[in-house]
Amino acid sequence: MLTIIGVMGPGEGASETDRRLAYELGRAIAREKWVTLCGGRNSGVMEAVTRGAKEAGGLTIGILPGQDTRDASPYLDLAIVTGIGNARNSINILSSHVVVACGMGKGTASEVALALKAKKPVILLDAPKTAIEFFRELDARRVSIAAGVEEAMELCRDLTRPSEPGA
Amino acid sequence: MLTIIGVMGPGEGASETDRRLAYELGRAIAREKWVTLCGGRNSGVMEAVTRGAKEAGGLTIGILPGQDTRDASPYLDLAIVTGIGNARNSINILSSHVVVACGMGKGTASEVALALKAKKPVILLDAPKTAIEFFRELDARRVSIAAGVEEAMELCRDLTRPSEPGA
Amino acid sequence: MLTIIGVMGPGEGASETDRRLAYELGRAIAREKWVTLCGGRNSGVMEAVTRGAKEAGGLTIGILPGQDTRDASPYLDLAIVTGIGNARNSINILSSHVVVACGMGKGTASEVALALKAKKPVILLDAPKTAIEFFRELDARRVSIAAGVEEAMELCRDLTRPSEPGA
Amino acid sequence: MLTIIGVMGPGEGASETDRRLAYELGRAIAREKWVTLCGGRNSGVMEAVTRGAKEAGGLTIGILPGQDTRDASPYLDLAIVTGIGNARNSINILSSHVVVACGMGKGTASEVALALKAKKPVILLDAPKTAIEFFRELDARRVSIAAGVEEAMELCRDLTRPSEPGA
């Protein structure tokens, strides 16, 4: 099975920084030969991360909330059309080996919380201080803070490394 | 249609205070002739709020994550068996006229975030300071803080009152 | 917990007979003090069965596919707003003690099939011959055929009766 | 976006013929450079079709009902972990450009019905006579019958061909 990195982040509400980091994340994920998964829409972090991944030759999957692909990112290889609205946020995180939150918004917050509930490792990138404090209090062990894309990728490498025998 | 107050809160991780407040909330919701909706399990805030509501003669609905009623609160009148796991958190909040978060945990955090995303009013009761700061930053307009059950009920009354013509 | 009878059937595609039988079913379910559950929309069997149940003083629940109550039957007491589209068909049948299919359509067929998969008893009323033959071949033991509302209610009474000790 | 062919069919209840046809279907889908999507479990048609597709160098996606990959087919490239049980059947068909039902069972029947509801083309392969008659009556226009894998593939080619201008 291929390793899937889920990148969550705001759509319409994404900042310029969120988009730039998401684009770089997508490129970096593709260079590791990992699959980029996101909420799939043609907006904000979803569009930026899939654009980055495609440009670097990676495979991209979008887990779309709607009933068709009308609002899909043009950079998706695979559109999973759920038709279940934001209930699909739970699928985003269950399907990811590591969850990277790039920026923060309401949907992103729900994904980080659901990820922690499902015992998935979460990396916060470009998160506001209140988010860092809240989520670290919820689950200090599973929440990592990355200062930039390189540090996020280093954490992903650690988190997806098969455990050594005897470790 | 009946007015539904959704009470979200931790299951196994609920504190004694969370449970006591949830029980009192259930009683108060029932006295207003509102319906109490929750995640439906036989644990923590879910069990306490439905027990309170039942004891005060109210109607209770549980939106269960599993495929059957095995782990349902014994105080449910109506068990909605979703079989969709924590994706049902989205249904909890979409079905509630007002969302009251009693205590805080990972699932509760996802519900508050999804409620704000769906533009539902949220009342935080017994929430830690980090949660208050985070969620108010996400959406100051829709997040209210209640100091106790009475204040939460006062907010619910305001939020469910039909808008006056010309208002 | 209250006993829930799920009545499934076509929306816009319902025949006059489907609607009339659904209305009578709703009345009969209410007279037994059971709860009427359906897909909740303001159309076809969903509207007719909830109208019948309300007129006879029963409690009605609709499991709505959309994100709000805009297309809800006006005869619902409780609107469960799922936002998950037709994936909610699975919730309809998991939440019902007995599933009655009144008429037949694409959505109804999916509900009968999911009900049998979940080992729920199904009563077919006003079903075409091809549906009867197909579903009986899928699971002869769990599919009953009712010639009319009275026979459907008799089957519901049998299927919801607590098993006797030693039986 | 890549073209996705969804192959639905029984798990534990699959016949030897169902499995053999599913395996051949998987091989044929891979040779066309299409993606094979299925319910993802390590059983029946799901396992056979992914095995065939992998052996022929194709890409495989499984839309798993559970909360993890424990019962996933070993021939999946991409495991979409939904955690929503059989409600995921709706995602299977919404994500597929063409739905091929290989054999028939309760879950498969729900998928064919949901596919027709969502206006997706459905190809029935190795379906019993009662299923053919029932589904053709539900929607004669969208249901095709294939006598074998070759005919199923010919139908898939027709159904995925971009419409010609002026056609």
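The chains carry the letters A, B, C and D, assigned in the order they are written, with residues numbered from 1 in each.
Here is the rule we use: a residue touches a chain if its C-beta (ideal position, glycine included) is under 8 Å from a C-beta of that chain, and two chains touch if they have at least 3 such contacts.
Fair warning: this is a prediction, and the values are worked out from it, not measured in the lab.
Counting hops only between chains that touch, chain A reaches chain C in a minimum of 1.
In terms of the distance between Cα centroids, chain C is separated most widely from A. Of all residue numbers that take part in the contact between chain C and chain D, over half occur on both sides, making this a same-residue interface.
Chain centres here are Cα means. That of chain B falls 40 Å from that of chain D. One simple way to say how far apart two chains are is to compare their mean CA positions; for chain A and chain D this gives 28 Å. Among the residues of chain A, those touching two or more other chains are numbered 67, 82-87, 90-91, 118. Interface residues of chain D, counted against chain C in their complex, comprise 84-91, 104-107, 109-110, 113-114, 116-118, 128, 130-131, 133-134, 137-139. For chain B in complex with chain D, the residues that touch the partner chain are 67, 82-87. Those residues of chain B that touch chain C in the complex are listed here as 1-2, 4, 35, 61, 63, 67-69, 72, 76-84, 87, 90-91, 94-95, 118.
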